[in-house]
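We call the chains A, B, C and D, going by the order they appear; numbering starts again at 1 in every chain.
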Amino acid sequence: MSTPDELPLIITARAPDGPGLVADLARAVARSGGNILDVGQHSDPDASWFGCRLEVDDHVDRAVLGAQLSELRDQRGLAFELHESAESQRVVIVCSKTLHCVSDLLARVSIGALGCTIEGIVSDATTAEELAMRHEVPFYSVPVEDDRHHQEIALGATLEDLAPDLVVLARYMRVLPAWLCDAYDGRMINIHHSFLPAFAGAGPYKRAHERGVKLIGATAHYVTAELDAGPIIAQDVERVSHRDSVDDLIRRGADVERSVLAAAVRLHLEHRVMVFGNRTCVFD
Amino acid sequence: MSTPDELPLIITARAPDGPGLVADLARAVARSGGNILDVGQHSDPDASWFGCRLEVDDHVDRAVLGAQLSELRDQRGLAFELHESAESQRVVIVCSKTLHCVSDLLARVSIGALGCTIEGIVSDATTAEELAMRHEVPFYSVPVEDDRHHQEIALGATLEDLAPDLVVLARYMRVLPAWLCDAYDGRMINIHHSFLPAFAGAGPYKRAHERGVKLIGATAHYVTAELDAGPIIAQDVERVSHRDSVDDLIRRGADVERSVLAAAVRLHLEHRVMVFGNRTCVFD
Amino acid sequence: MSTPDELPLIITARAPDGPGLVADLARAVARSGGNILDVGQHSDPDASWFGCRLEVDDHVDRAVLGAQLSELRDQRGLAFELHESAESQRVVIVCSKTLHCVSDLLARVSIGALGCTIEGIVSDATTAEELAMRHEVPFYSVPVEDDRHHQEIALGATLEDLAPDLVVLARYMRVLPAWLCDAYDGRMINIHHSFLPAFAGAGPYKRAHERGVKLIGATAHYVTAELDAGPIIAQDVERVSHRDSVDDLIRRGADVERSVLAAAVRLHLEHRVMVFGNRTCVFD
Amino acid sequence: MSTPDELPLIITARAPDGPGLVADLARAVARSGGNILDVGQHSDPDASWFGCRLEVDDHVDRAVLGAQLSELRDQRGLAFELHESAESQRVVIVCSKTLHCVSDLLARVSIGALGCTIEGIVSDATTAEELAMRHEVPFYSVPVEDDRHHQEIALGATLEDLAPDLVVLARYMRVLPAWLCDAYDGRMINIHHSFLPAFAGAGPYKRAHERGVKLIGATAHYVTAELDAGPIIAQDVERVSHRDSVDDLIRRGADVERSVLAAAVRLHLEHRVMVFGNRTCVFD
């Protein structure tokens, strides 16, 4: 991995699998005057696809590199993206009344620990407003009044205005309509307060308590139209015991949720996550 | 916790919850000349029951203690058991073709790391026979021939002959009939190769791979008539990534299964597990 | 464990070990009309002491309980404290330029996740001032100018004015004088950015990188006059690899430091930590 | 990662770092008709070296590949090795009286879970003899009689006769002489029962108990002349509490030792460990 002051260029690429792809990519970088600092690569035998993430040092000639990669696109079906690692991304947080994930993300951003700006906090409640003000982040209230559909339209419009690179559902307690999930496909991360696929849906800690599990967990995943079923980015667990009440599980779980969500957001912002089908490659 | 050479007496007790139960138990021990070395206690607010595990030093007068506890049984509905910790228990292992859990248990017993004797290995396959011979453990073959019901009868009869204190299903790949589960209620431990309740049933690693989870797990639980739904004793997980094939998950998971099963067996043998409803208290 | 709305009374007690202490304490509670909700107890065979933490429900008569426990003090040398769990404690944070622990503690307090108020942030740098202002917490600058001794006096005086129940060194990068450590004995928690006793002192991540460890860690401990040698409250680790540079270790470690420090502060505020010699009992 | 039936060829290579090395290696594979199944690569900015592990499918022409890599050796200073993954390696275990690691390794090998044969067990005690017999492994006794130096000579001679690819010190309780460490440089793995560099040397669990740590650990490392200071391959930890006596730590730690040692042996046998200076790259 590179040190922060190098500000490398990040290449993400995918292609139908075939021999020599790593060689081709590495040659493209070498011809552009760049040196590979870090390479993550994966060939999936089931799906016959190839995915790759390269960090290249600053000496690379971007124009030459672009031309080289375009050639590979034509020859081998390579899809690629170039990202300047110095570039700050626009993030919008969507939440309800539970604030530990929001306050954690804000605390990290406020000390520069996540490479992004928070463009707004959008909520169906008003609980987060004070937190938003404290961090000088615009707050947008999209309450559900008479009609759930109207609220979804309002939420969609608010997001569209903010033009985020990434939307983070930080314990937003409503199911989003399919059209909104689709609009942010691969750019909307949710934190679910269980170790998916266990306890998908509502009330996971209560159900975990009833089942008597010895570990609880949290899962950060990309949002898809099917509830709690999108590609998983990060998961973690915490040991619990019979002595923990549902409230204890909620408290202990909150800590796991915070760190799992922050990890997933960081991985996404650093272009370390690649989605294939319903699974992710995480090049960390 | 006590040191091995003390060989304490272990008291397990349960009762309808009420004030002063710990005081009553502690007084019973004190009156019997014993000193409490370790106390684990749990009051469950939901179920209104009280459970307790006490380790008492060797000075205790067992007759006096028995009388004292019987008094509490009459007064407060206390159910109790006394266990000599020095006592070795009889364990029977039931398995199929996958042997990592069996070989691990045998390896532990062979160096005295589990306080039990293995009275027999019972299997629907013959793969484990060599392992049994090597460890001088009787091997019982109960193959499924024309009729699954006959095999279940044979398995039940074999177990009955061996009169085990504990039956361990060490990756036995068949569903047991309800009558057999009932016969060993609270005395039969199964290892399931997933983090329950996720991926109950067959093929958990394949399904974990398809879902793209970032952690795999194993669960040791008491067997009940409902498949993979009995009270959980121990669980653990291991980190995996997109680079792991199903075969990799199987290999990595094997290590978790081994240690989780061994931990659950040890906890049971040390009388550290108490079942209330479908949940366990583990006094470790 | 109790649910938050019960607001139980917490009893912490210690005494020279002897038979019947649990019975005596439980009887004292029963006689005061209280019911034991949770009991943590430890008899240390090496040191011949006994420590106990009891959560008692709100029905207890505090005056009767106090009299009962005073009797035990006279008879058995019991030292005890009573704490109302509803009571908010006064915390002062001391830090330097590294702010992830400070911002994490403030984020938790701001959503009510830690039962305390932050009375002030004291620092030898000014980096944390903006964070303090944002959270409306008084900021106290105690820079080192010509004389380190003067700064220590100023720090001591600032702390004294703030009259904290607990002082948290949240990555304060200076060694405190013995007189200041002594003044807050058992009430000052430090986070050290290594898995103590490995890498005590300065530059732990650099040294961890040089040694090629596969896990890095963090340790929260009570401060004593000997550097990084006080009683340990909480520790955790995180997996690292050869791919992690020193900067990566610093970033990954920051997350462990945050959660370990927050856990230790919570345990202390809930009176779950008892110090015996240079070791802690943690009744969690 | 590859599936077991593919039996890929493994290439390990190292060179002074420079641009285009990955491209060169990938081209060499492609020209030999092979397809890259898995690539692990690391460029160390501190030490200016490059290391790589490639798994190549069975279609590769070994002669062409050898020629291609030899060219890179001449041009770029590349040092390389080719390993058939199907090849079973010769392992010798050295132990004293503590047998949990030995019995665990034997249990794994006996079910084919480690790709090696155990050529012998060598010990300064006789405790392991029965275990060796049970597993039909030759046992070699090298007791210390009057002279430690004589014993070291005998141990060295026994190892030399057995011609192992790998020597595993499975809780061997003696310090080896430098000449013996040197003879098996990079081919001798030791398990130390602490989280190194904490508690190097004798009695780590006793010292961990005295220090009051909240986690204990184990470390597998290559043996060098300096005690417990060689390159670390694998480490893991386990949570402990004030309730654990030294004996409890020994029992809990045993489980960590077993799994860490087995993991390190597997990683070594699969040619996944590369040593640079005093650090390892682990391509897992």
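Here is the rule we use: a residue touches a chain if its C-beta (ideal position, glycine included) is under 8 Å from a C-beta of that chain, and two chains touch if they have at least 3 such contacts.
Worth saying up front: this structure is predicted, and the values here are computed from it rather than measured.
Enquirer: Comparing the two chain pairs, does A-D have more C-beta contacts than C-D, or is it the other way round?
Expert: Comparing C-D with A-D, the pair joined by more C-beta contacts is C-D.
Enquirer: For the interface formed by B-C, which of the candidate pairs A-B, A-D or B-D is equivalent, sharing more than half of the contact pairs by residue number?
Expert: When the residue numbers line up for over half the pairs, the pair is A-D.
Enquirer: What is the distance in Å between the mean C-alpha positions of chain A and chain C?
Expert: Their C-alpha centroids are separated by 34 Å.
Enquirer: If you average the Cα atoms of chain C and of chain D to get two centres, how far apart are those centres in Å?
Expert: 40
Enquirer: Averaging only over C-alpha atoms, locate the centres of chain A and chain D and give their separation in whole Å.
Expert: Each chain reduced to its C-alpha mean, chain A and chain D end up 37 Å apart.
Enquirer: Mind pulling the chain B residues that touch 2 or more other chains?
Expert: Residues 3, 38, 45, 243, 245 of chain B touch two or more partner chains.
Enquirer: Show which residues of chain D lie in contact with chain C when the two form their complex.
Expert: Residues 42, 44-45, 195-199, 210-215, 217, 231-237, 241-243, 245, 278-282.
Enquirer: Chain A touches which residues of chain D in the complex?
Expert: Touching chain A from chain D are residues 3, 19-20, 22-23, 26-27, 29-30, 34-39, 41, 43, 45, 239.
Enquirer: What residues on chain C touch chain A, complex-wise?
Expert: My answer: residues 1-4, 38, 99-100, 103-104, 106-108, 110-111, 113, 131, 134-135, 243-245, 247-248, 251, 254-255, 259, 262-263.
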